[in-house]
Amino acid sequence: MKIKLNEVAEFLDGKLSGNPNLEIEGLAKIEEAQTGDLTFLYLPAYEKYFPNTKASAILVKPGFARTRSDISYIEVNDPNKAFSKVLIKYYSPDFPLSDIDATAFVHPDAGIGKNVSIGKNVVISAGCKIGDNVKIFHNTVLLEDVEIGDNSLIFQNVSIREKCKIGRRVVIHHGTVIGSDGFGFFTDEKGVYQKIPQIGIVVVEDDVELGANVTVDRAAFGATVIKRGVKIDNLVQIAHNVVIGEDTVISAQSGISGSTKVGNHCILAGQVGIVGHVEIGDGVIVLAQSGISKDISKAGQYFGSPAKEVKTALKLQAHFRNLPEYVEKIKSLENQIKKLQDEIKGMKKE
Amino acid sequence: MKIKLNEVAEFLDGKLSGNPNLEIEGLAKIEEAQTGDLTFLYLPAYEKYFPNTKASAILVKPGFARTRSDISYIEVNDPNKAFSKVLIKYYSPDFPLSDIDATAFVHPDAGIGKNVSIGKNVVISAGCKIGDNVKIFHNTVLLEDVEIGDNSLIFQNVSIREKCKIGRRVVIHHGTVIGSDGFGFFTDEKGVYQKIPQIGIVVVEDDVELGANVTVDRAAFGATVIKRGVKIDNLVQIAHNVVIGEDTVISAQSGISGSTKVGNHCILAGQVGIVGHVEIGDGVIVLAQSGISKDISKAGQYFGSPAKEVKTALKLQAHFRNLPEYVEKIKSLENQIKKLQDEIKGMKKE
Amino acid sequence: MKIKLNEVAEFLDGKLSGNPNLEIEGLAKIEEAQTGDLTFLYLPAYEKYFPNTKASAILVKPGFARTRSDISYIEVNDPNKAFSKVLIKYYSPDFPLSDIDATAFVHPDAGIGKNVSIGKNVVISAGCKIGDNVKIFHNTVLLEDVEIGDNSLIFQNVSIREKCKIGRRVVIHHGTVIGSDGFGFFTDEKGVYQKIPQIGIVVVEDDVELGANVTVDRAAFGATVIKRGVKIDNLVQIAHNVVIGEDTVISAQSGISGSTKVGNHCILAGQVGIVGHVEIGDGVIVLAQSGISKDISKAGQYFGSPAKEVKTALKLQAHFRNLPEYVEKIKSLENQIKKLQDEIKGMKKE
């Protein structure tokens, strides 16, 4: 696909210096770009690649020193976002899936919207309602009464259990499980664990994206809720009755235990853990590998296991690193005191 | 489904105050209950919801202050367990899967018990033995010679490799893998890793539940064993030749490395890691995100990475939090000593 | 399968003492071996099992004290590796999959090599190229234009997205996802996350093994690359644009964030996390549960979260464990200083 550079500049409302008729053939990172590619520069750490990049055009910040004349420039306020907008406009992938494959099973009591694509060996059970323009890839299974809103994209090998509700424009990646039983047991008189039926559901609201091999357990009763705009990375665990607030981002391998509520616009970095039955307020950012064991009401950054406000955590880390020095100091003080004690003893004797 | 309240009270052997003919229409948490619902109250933190709950009936502890007259009460010793018992008796889910689907493949040399349900696109390979009343959901694959005991429930997209043995009343959730190769390699003369064939199996004993997207590797030789009554949450990793003792509970995203033995009645909280080749005794409780690098023979709680007895770990955490204070103290002591040294020097001069 | 012991000794170039005509019927660990089994002994911790093992033959180091006469010995330099070589030669599993199953879908535009086995319900989309002797197990899905090199083994329920390239002799375990979208979003003017199309691919080079339920995201553009000989354990997350160097080993539940480069011959133990956009040099060994937040250029062992050189980390851990003692010392120093101050005050008054 070829796009004229002046068309790109116009779309981005950017200032073009160079060849307006240049035909862009692809997009690439500055260190990997080839002739014909459009690239971008926004992090100072990547400026070292500018003198040698083979890109034919580059998105830069206003005022960038245009030291090379063999490359065309488009100045934009945020080259990173601008590059993403070009990607979205010209390169959004179109998956060649259409119609309902002959090997798919669609129960006669399921409701299927307009322009729905269903891949091979997919199972759509009784009572399911599938909205318009939904794509469901091969080998995905929906048990009874699952609802999926318009324009959602469900990749292959996904499992969605009975009664779970998926919103509009939701993306669910491969191998992800929605609505598995919550991890609920009680110990009987003999000390043996007995399973508590998990009769609730999962509600995934509009514009949510769930990564690959994610697990979202159904509620014991009521619903586990992933609210509008939440983005969840691969291998994340969401336990029963958890509520994730709008526009919250959860990175890979994080886990949230049962009945915990996470607020809106939060960010959990990778491998974060949150215990059950706590509330995390809006705008809380939790750094990688942190563990949260209590409510957090105040927006801000947190770090550590157990997690503390980041300023406190970093100060403690610095002190931790200095422990050998402090221990040396304590020894030195002991020696000095010993000496003082001896001197005073000597003075008294005199 | 409607159940008369006096039937519930009788089943629970509880003391009913209120309307014995009330018809319960559903179960719900106290903060979400609607008219017609039965709820329960056991944690003090939830008492705040009592004045406004819309529930029609509630399970409470004996002697609970029955301050509302528009609600019926059943007094029981443990409202939490009692509520679970009601769930189990009246609300255990019944999955509408029956017979062997025409799209399933069942090898003619496989043995299939009575009243077995096999979903769409399931693969049952040669030599498999499936017990009575087993349900196997869509797109699950059993390689050769797998055995599954009576009354087990295998959800969709599960993979069970050759020769693995699954007990009775076992539940395996979606996407879980049983019997993948253990992670075993040796470095050859050129420093390149060579795969060691993993010729053992996995044995999952009776009454085990395995969550979604769990991985249990087959043994190098011999067996990886998950003993009777073990409950394993989502995204847990069990490496080759591990043995998990009876009635042990493992929470989400924990991982146990090769050849490690975990005792009976242990609890591993979320994101715990245990190194290979160690032994954990009975009754060991490991708190979230802890890392265990040595044998633990003594029952009790452990925390930290590396894990310590919880009393020690909490004391160390407290000291860690106080580090800035200690550092201030050291500085103050230095100053005081300096002053003392000067004073003594002064006194000597006199 | 029976193998004569002198054949084993000859194959291993080892020194046999005992019955050369003994027929080995199986391989087993020393503590589990039965009559007819060959076992081995290399870790001192397992010597305690020697007096009672039921094995008929054992691989031992040269000079091992042959105190039992009812067992045959083969002396070899490395009994562990030698045992693996016997496993590889005589016990490499042969999976009974052959031909292309009638229920598999192979697009007419796909290229299929010689002697390829494709299981039930497999989907091979348009433009795929499958090399010779490849085995693809049941319910695995390859989207468009996927390439798989000769002699690779893809287990069941695997998802490989469009355009990804898999090398020769690659093993991919069950439920693993290759080429899911990278976790890339930007916040628009309203603070809402917008998805950045992920138009790159994944390249898995020759001789790589990927465990079960692993996730490898496709690059935003360009490629996520797993280089020759890399071994990845279960439930590992590899984010977009990551590059893993040759012969590197990554243990279960580790995660590597976007655009990070890991060198050759590295070892990441279990549950390790690495942040995005950093470079790890060759020969770096990261101990379990460590978190890496910066570049590491120097080979060696690292531990902790944040990770430090292991010598430093262990020293800090020792100091951490001693904190209560140091705090006692500080208190004692305070008291001694108080006493000195009083004494000097007393002396001055005199």
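Going in written order, the chains are labelled A, B and C, and every chain counts its residues from 1.
Just so it is clear, a contact is a pair of C-beta atoms (placed from the backbone, for glycine too) under 8 Å apart; a residue touches a chain by one contact, two chains touch by 3 or more.
These numbers come from a predicted model, not from an experiment.
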Query raised in the report: How many degrees of rotation map chain A onto its copy chain C on CA atoms, rounded to the nearest 5?
Result: 120
Query - Proportion of interface numbers common to chain B and chain C (over half same, under half different) - result: different
Requested in this report: Could you grab the centroid distance between chain B and chain C? Build each centroid from C-alpha atoms only and quote it in angstrom.
Outcome: 25
Report task. Any chance you could list the residues of chain B touching two or more other chains? Result -> 103, 121, 139, 157, 175, 213, 235, 253, 271, 289, 305, 320, 326, 330, 333, 337, 340, 344, 347
Query raised in the report: Quick one: in the complex, what on chain B touches chain C?
Result: 103, 105, 121, 123, 126, 139, 141, 143-144, 157, 159, 161-162, 175, 177, 180-181, 183-186, 191-197, 199, 213, 215, 217, 220-222, 235, 237, 239, 241, 253, 255, 257, 271, 273, 275, 277, 289, 291, 293, 305-306, 308, 315-316, 319-320, 322, 326, 329-330, 333, 336-337, 340, 343-344, 347
Query raised in the report: Where on chain A is chain C touching in the complex?
Result: 26-29, 32, 45, 80-81, 84, 87-88, 91-93, 95-96, 103, 119-121, 137-139, 155-157, 171, 173-175, 207, 209, 211-213, 229, 231, 233-235, 247, 249, 251-253, 265, 270-271, 288-289, 305, 317, 320-321, 323-324, 326-327, 330, 333-334, 337, 340-341, 344, 347-348
